[in-house]
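Here the chain labels run A, B, C and D in written order, and each chain numbers its own residues starting at 1.
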Amino acid sequence: MEPPRKLHVGVVGLGRMGKRHALNFFHNVPRAILTAVCSIDDVEREWATHTLAPSGVAVYENYDDMLRHPGMDAVCISTTTSVHAPQTIAAIAAGKHVLCEKPLATSTDVSQTVVDAATRRPDLKVMCGFSRRFDASYRDAYAKVRSGIIGKACVMRCQTGDVLDPTGFFVNYAAQSGGIFVDCAIHDVDLALWFFEGAKVRSVSAIGITAIEPDLLQYNDRDNVMGMIEFEDGRIASVYTSRMMIAGQEDSTEIIGTEGKLTINMIPVANHVQIYKPGGIHHELPQNYWERFHQAFTTEAVEFTDCCLDDTQVPVELASAVAAVEIASALQEAMITGNKVVFDDKGRRISSSSGQAQRRTKL
Amino acid sequence: MEPPRKLHVGVVGLGRMGKRHALNFFHNVPRAILTAVCSIDDVEREWATHTLAPSGVAVYENYDDMLRHPGMDAVCISTTTSVHAPQTIAAIAAGKHVLCEKPLATSTDVSQTVVDAATRRPDLKVMCGFSRRFDASYRDAYAKVRSGIIGKACVMRCQTGDVLDPTGFFVNYAAQSGGIFVDCAIHDVDLALWFFEGAKVRSVSAIGITAIEPDLLQYNDRDNVMGMIEFEDGRIASVYTSRMMIAGQEDSTEIIGTEGKLTINMIPVANHVQIYKPGGIHHELPQNYWERFHQAFTTEAVEFTDCCLDDTQVPVELASAVAAVEIASALQEAMITGNKVVFDDKGRRISSSSGQAQRRTKL
Amino acid sequence: MEPPRKLHVGVVGLGRMGKRHALNFFHNVPRAILTAVCSIDDVEREWATHTLAPSGVAVYENYDDMLRHPGMDAVCISTTTSVHAPQTIAAIAAGKHVLCEKPLATSTDVSQTVVDAATRRPDLKVMCGFSRRFDASYRDAYAKVRSGIIGKACVMRCQTGDVLDPTGFFVNYAAQSGGIFVDCAIHDVDLALWFFEGAKVRSVSAIGITAIEPDLLQYNDRDNVMGMIEFEDGRIASVYTSRMMIAGQEDSTEIIGTEGKLTINMIPVANHVQIYKPGGIHHELPQNYWERFHQAFTTEAVEFTDCCLDDTQVPVELASAVAAVEIASALQEAMITGNKVVFDDKGRRISSSSGQAQRRTKL
Amino acid sequence: MEPPRKLHVGVVGLGRMGKRHALNFFHNVPRAILTAVCSIDDVEREWATHTLAPSGVAVYENYDDMLRHPGMDAVCISTTTSVHAPQTIAAIAAGKHVLCEKPLATSTDVSQTVVDAATRRPDLKVMCGFSRRFDASYRDAYAKVRSGIIGKACVMRCQTGDVLDPTGFFVNYAAQSGGIFVDCAIHDVDLALWFFEGAKVRSVSAIGITAIEPDLLQYNDRDNVMGMIEFEDGRIASVYTSRMMIAGQEDSTEIIGTEGKLTINMIPVANHVQIYKPGGIHHELPQNYWERFHQAFTTEAVEFTDCCLDDTQVPVELASAVAAVEIASALQEAMITGNKVVFDDKGRRISSSSGQAQRRTKL
């Protein structure tokens, strides 16, 4: 009897998330074999040589070399955003399935090039990893909305609250992240597109401040931002995104319908423990999005693997990932200019309202 | 030994809230005596004749007549918004202390006339009743913010969620309410002014939909709206206001600072009971804002009475009530026009951004 | 038109609870007038002279004198437990309605003398104040159980958790309190009798320790105790009572039925505020039973007043208060002796099981 | 380079839990290989032939045959309780590591035979699987208690609430389960032994009823039981165990110390979703202990595997599993007889108190 075929996966980028993706495919995906990893960073490769190579995982410095690794079926891309699109396109060209970290790119146009490349190879699975779509709670909420228990879902309120990183890592990262809306709020935008079934954007507005990291202003970025989105079909959504959460990771979502409402994670909790001390009761929170969503990343990897091996449709449509970039980058622009960004009913941008430019304020 | 002096109070307007104010002064304010009530509505007066008159409360049809009631010290105004200002001014002219329901008026200019009248009579106490300022939880949060435990408070997220009234009462009420921002969200605007210590508004944006009551469009109103407010000092706030809450009254507030965050009522509860039935655990919610805030209304009446009798400062400054109307009415306008409304650093409105007018959408 | 008749009330005992009762009748009971107070303690009387006398409240040192106060209709007894019964009986003899703090006495026999006295004067209202029966959450739960939503209620789990009093006040108080079961757990016993509709006790068992106050052993008392109660009809209940709660007052109850379960106050909260600080989310608790139940005490006083004025039945039957003492004192005995206390089907005690006496343990 | 050695595991018993153990070792334990399974039940073996055999897992009918499977290192025993001990002893005799489901046996004596067998083979890892010790929340609580944040832990309150199984499966199962204390409450007893560091039992008392399944009486079992445990060092614990939970799986624990308190799972939740519908807010619960604890079972399998491969100490001492059976079976006896079961300070049972035998009551 033949053992079942497994998916041979390479992971490029071994930074914080890359390590997690690599270990995830290594340990937690029964139908996948981590066959190779790649990083241009010496320290990251050293980690891989120490941790993964003894188990037979090949370690590459050069991405094109890894793409030629014998027998590799698929690539997981967790490098910096600016190379997501070219690396995805190169992998497609090399005939590999691709799981690419969000966002596809910081601009709509570049994101679209990925879709174009993928369209030419319908035999390959290409998926942008919006991890929340694989989280058990979001899926439960989604199923409930689809079942109609809240009537017509028409309003969303979203929050992506990253725990404060006192090292200020994200300041320099802002140079190429596309900004906080494109880097963080894109998760909420994706949730809106998911729950609102691909509704088309009509307008976006946004404001923001630098409450703790004024240096972000040099990159046209902020640390606390708010945005509002109108969709063509009359639904609306608001997002609040912050890099200043003190207590832990706070990602919460409200989906409000004509006959009810669903919330996900309104009061974050790390586990089932509560601590009673003088004055009150305390509970801990996940300290980063990995602690909150690590199971979702496993599910994502497992399902991507299944799609590749079983030739089924990926659960997140690639076109939706482009729409998410379009909305998120428009929010970033609206925040920088102080103007509303408006789209016509074909989804094309029309001249934005000529409001006064946002004055930069340091608290 | 002489019995202590009590405040003789008249209540005008005996609708839903008026009845509550009257009974509140009648039962729950030890230093006040409900001496008279007034309503132009026959049914309301009949209620008063039946309920209050047997205990010696005078019942009037004409407001000016009530103002001449012998020995009356103060008036509580809970009529329809359009007469709040003239009735307050008339009471001041008659030398009465005034507790006026929010808002003072639907326009900034009219609201200001109340302040002008009050300024000329510094011997009288004139207060606009923003009930949340008297709620124990909001006060606890306020004290904690002042104590510095969240660092600098710089972001607020507010929700005023009125339980769905299937009678559609609020549709006709919209004709003179000033709209959902002026009628409901003004509570959140007031909270922002309170917690942000009177910060001056710089800009407001808003969007809205009619998810359940398309007839609101004829009054330029909506049933679900969102707004964003920028303040001169760089703080920001968002509001979500709805008349469509299914589960009950949902008024929640988040105050986010550089060193922590406070929330008030993130998951509403009616009491301490939880119900375990097949499938899960259930708890009930207050079914309207009175159930949620009735204690606050009592505190408000008690403290207003104390201020009048003891000649101390009222806890809500009247000027703040004007600022709240200014911001709330600007939000309403921003929603209707689709344009951001911008203020200069003197707080004067400058021409709003000439965006495309909001297209009216019916879901 | 004549003003409505009011109930003239005297309060005896002005300790911690007595002051609260006096102020409650003074401020919060519209149909009652606080007409007199009485205390044998100089400091307490001085407080009354300063606080209440200026409003016309008479202050007595001698209880019999107060009973002769002209026009007094009713007495509220909040003295030390050992005089509850004689003072109640004296008030009945003087023709007064009586609201007596729990417990009626520390023994069943003495408790019964109160019932006997009351039975001879059916024109008078005599009620033992079990405050939880007047709490909105307990009443809501009670109504839900009666409505049948949990099927047959057959198991109760109760907790009375008093916040730790570091002054050790309760050590000396133990000399005459009847012990922690009679002083504190009696609330839970009363709840069981209420929810289980006066079910008759069949047996009780109990254990206990002195975790923080070994000096309690000299009074045969403990600071943390547990008990189990079997009723004749096959229902069961457990109680946990502690004087060592660190975070605040923790009184919680579970009522478990064949088709569902109700809980009251499983996670105590002081208000609607949550505090986000590094590491997690915190909320405060009521710091004593008054903070938790003050509304219930007002409702109790209001309803007692109504019963007296309107000649209706008191909401807590006096016989139930005797049954509560019987069970609570049997629990205390079971804990001290280490033996189960058993009752026959007439409710008469039969010789307890001759287990080994409890060894005294100091942690 | 050699691939790392893996642990070859066989699973015996493929009932509800057995299937889960088999799939767990198959999918979720990177360092283990599921090499064989065994069941005397035709349907269970058919399932294995269909599900596991295609991947190379051998399927046995006879346990001794499986013990001779070439290269098998360890056995996971998830058969019915009555064969736990002999199968464990046989596996030890065959030189296999053993992970045995709880309890070791329904009697202390038989349980001890397992310890004796294991003691003779110190080279083998023999562990009784108390799953809660591997749950992240219990571990977090345990670490916090050890760190001293609640002072001296001296009181525990435990609840094991199995969701009602309307098929009545557990009635027949009661014939050999050892009863509800031995089958279910043993988890809570184990938690007490864990958190109280192996404290020795001094006495146990228990009561119980058949609220929904009177047929349990024929097996001397009940469906709702309560017990109290005294330990030699003066700590105390209570357990409530039910097979009647309507809303879902409810396993909660309170650990109360002299300086604070910890709770685990006071209000059970299935995930982060809350549902707002008319009347209130609802959330779902895990529908069985697997949904609540499946991660714990994975951790258990992973750690057991690590211990075998790395020759480290198993995280649950075998002697503790015997002590748990001793206490749990004494609780069952105390419930049946109505007598307290008392132990001397050597841990030997002394004659139990000669109380009246429990009368059997059907609600």
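In the analysis below, a contact is a pair of C-beta atoms (placed from the backbone, for glycine too) under 8 Å apart; a residue touches a chain by one contact, two chains touch by 3 or more.
Every value quoted in this text rests on a predicted model; they were computed, and no experiment measured them.
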Shared touching partners of subunit A and subunit D are B, C
Of all other chains, the one whose Cα centre sits farthest from subunit B: D
Whole-Å distance, subunit C centre to subunit D centre, using C-alpha means? 40
Just how far, in Å, is the C-alpha centre of subunit C from the one of subunit A? 57
Subunit C touches at least 2 other chains through residues 150, 245-247, 259-261, 266-267, 270, 274, 276-278, 284
Counting only contacts in the complex, subunit B reaches subunit A at residues 150, 152, 154-155, 157, 159, 202-203, 205, 207-209, 211-212, 224, 226, 228, 230, 233-236, 238, 240, 242, 244-247, 256, 258-261, 266-267, 338-340, 342, 350, 352-356, 359, 361-363
Subunit C partner contacts - residues on subunit B that touch it in the complex: 1, 3-4, 26-28, 30, 54-56, 136-137, 140-141, 144, 149-150, 259-266, 270-278, 284
Footprint of subunit D on subunit B - complex, ascending: 245-248, 250, 267-268, 270, 274, 276-285
